[in-house]
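By letter and in written order, the chains are A, B, C and D; residue numbering begins at 1 in each of them.
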């Protein structure tokens, strides 16, 4: 049987992680093609609604990537992200949505290899969980 | 503790009206039955004597009405605040939602409000009278005679787990000041956390699937004071409409609770008003519990101007991955 | 399959005319080139783009036009923004006709007609005006008072200049709010222009459409001139979703604007609560 | 009249389920709701279900049609299908009346085929209310809970369920059930009826009258000064409209699924501030107007269009559920008060 190929949505901050993804590409490091990157000005831009909406539209896992704490282009954006996502992901866990489906990772512009490794690892973890059934919108299923 | 009755409130309010300190009074109005009390505005002693009530069903938190009320006219409005209402009062002040100068707040003690739902569930339909005596809650029914229930069992959930009998804001206090209590309000949350992921999912699916999206939880919430709610935006995807599927009900409740996270004083109004009896406070308390757990104890509304955990940070805050484990336990 | 009033048909936009900076007129036919359905002057239709929205628009072409249907639409919201951005050949969905109509074949016959419109308010009147022009001998003198903010904001200006003005016993009175270069016509607001022109009330029907403030003052002016409220008609707008008097939002008193309206006589409106 | 032992309700449901879907109120975790009967479900005698049987005919949300949009072209996909025959059991007299109220809206020309489809396949088995609640006031609107309407009326007296057909549809169903039911005399349920009538008179709202309302009262009540006070505490939530068995306002919206567009209809509430919001303006600016609209519609506008029939059935759900306990009974008492002196 083919292993399940999950759909991953990755919110990447414009200044670090998006550049990190670029670097991964330039260095020909491979990561799953089902990782859909959405560029955001700062990880702090990611509203909880974005994450839920990604699940609604069929994502099996959502990962949020930003600059390392202390390196935010806007000085403090990712510190807020860290707090927000701690609460949001705990809440999703509380509602019985598998906690492995969500992740926050700090990836700098120089860490192309880390980006690829993170995505590979995350995709593998989510693949093991299979299809997202607990936070799905049936109308969006084909 | 000295029990404050309706006559005492009327005397106090009438005196303040006569003295010209205030020109209207925000209090509880008599309804059809003993238990249905409507928030209302009074301007004269006669009106109060005819319609004002204060008893075991005056749970409605008046703080939010102050936003609307203070915008009307120049005079001051008198508001009676129970201890838990004072937290909402402070939180609204923190967010500059009304003009403190236009309000005269009188703190009143509270021994816990009764839950009509609990009484109806226990006594059945056809309630003609509810009295609280030393025996407990005495319920007269239309067809099954009189029934007596223990006072504590009939208390609203939020009152059974009351967090504080201390008033954190007032211009004047009636009766004695109480203490902040060591409440067991997070026990229920911990119980759910201890379940397996599947059980938690099944639990919440069962609760949230009853939601009819009437928005009562949002509209009554003293922390939900946005002029234009995100759920009023047609592009939000979850507009103010009946729910269409199980995703939307989860989305609505997560976002609703998240938007008040750090600002929710745990007044419990959301659960009180829910026509479908969804334990919404368990969502809000989860956020409070987690925030306390990660960043130290914080009680919204305890003091005006305090900085809520989500608009603050520490350089060495925990990473979200670890935080989820710390809050939810190892699986 | 059973007929369903909420089920639309496909319409193809075959022509887009730019009337003013914010008004465009769309020509709609079915995919096989026919007029989507038959309507009466004053009736409306629901236009929609799936995924964008659905809204009620008055049909601006005259029923006497058997080839196509036209809608003059002002850009003011989500759906209308989208419609303004679309190109010829685009398909939309259309359902209708909805509402009552102007009593062109009963109360109006043999009467002198006075049309008063402001801005986009001409859109719903255009179907009646063209209907009356088509059956010219059934009606008496036709007066059209039409005003807009500027010359560029006059909807259907070309048709007015090339067709209406030249017609027999059709008197067009145009006005704009403020002086403008290249405009040698009347300058002033519609209500005062109507007063200036002065109309006899005898055997005359007035039809008013425009922004609420214009309607208010023009109506007052007409009443001052001696018009009975039962001589004056208007057409209302409200938010609508179903078009068949069921969804509840266009409910005013016991009437539903989508079904019992949108055309009302002012004496009928007096019976309704002031909530439109 | 037919009779069956109350203990054998399961047999009755199983028999009906051979040919029909069966819906009935079943006690859930918190209160009662209508659900499709499965072996093991127990009929709940609770008076009011959380949500009324309106859900079954006019669901909270339903798909109307699908669209496939490609380039400039659109394809309309009709997703309707014929409903199965089904029976709703245990509908209270007030709720039965509410279905008639809905019929007058949805089946009026041009009929709503989605509603009509379900309505025409339904057989309603109503249930007399042996134990009304303090919030009940169906009598105010001329409903007799001792003689519920519906295709088949049912009474419970002690251990026996009596059934009487009111319509041809009901007769046909009762005929089918002849194997498991017994013949009963026409007056078999009279004891039960008498008890109900006696109990109804004791209700606190028994004296509430609707005479002051009805067609032609628009001008009289529209500008009544009491609306301001009544609507003062209203939160503008939709609880009353969503639990109401007769509220039928809806919205039609599109949902883009990413591979097509679903046009669906869902309940909407006149209490919501965006209900009448247009880009051009808002005819009902404050909660006062929205609040007034709801009650004027139920008590004046609807009767005007429907031969004096009110669009409230006195089920009492809004009395029990309103967060601030403002409700139609209080409105009727306040607004209709002056009429007592007339």
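By our rule, contacts are C-beta pairs under 8 Å (C-beta built on N, C-alpha and C of every residue); 3 or more make two chains touch, one makes a residue touch a chain.
A quick note: this is a predicted structure, and the numbers were derived from the prediction, not measured.
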| item | value |
| --- | --- |
| Joint neighbours of chain C and chain B, given as chain labels | D |
| Chain whose Cα mean lies nearest the overall Cα mean | D |
| Whole-Å gap between the CA centroids of chain A and chain B | 36 |
| Geometric centre distance via CA averages, chain D-chain C, whole Å | 39 |
| Distance between the centres, which are taken as Cα means, of chain C and chain A, whole angstrom | 52 |
| Centre-to-centre distance between chain D and chain A (centres being mean Cα positions), rounded to whole Å | 46 |
| Multi-partner residues of chain C (each touching 2 or more other chains) | none |
| Multi-partner residues of chain B (at least 2 other chains) | 244-245 |
| In chain A, residues with contacts to at least two other chains | 139 |
| Residue ranges of chain D touching chain A (in the complex, touch as defined) | 255, 257-259, 262 |
| Of chain B, residues touching chain A in the complex | 189, 192-193, 197-205, 230, 236-237, 244-248, 250-251, 254-255, 257-258, 261, 283, 286-287, 290-291, 294-295, 309-315, 317-321, 323-325, 327-328, 331 |
| Parts of chain C lying in touch with chain D, wherever the complex brings them together | 1-10, 48, 50-54, 76-77, 80, 87, 89-93, 212, 237-239, 241-242, 244-254, 271-273, 275-276 |
| Chain B contact footprint on chain A (complex, rising order) | 48-49, 52-53, 55-56, 69-70, 76, 79-80, 82-99, 102-104, 134-139 |
| For the chain B and chain D complex, residues of the former touching the latter | 31-33, 36-41, 60, 65, 120, 124-128, 142-143, 206-207, 210, 212-216, 218-220, 232, 239-245, 272-273, 275-278 |
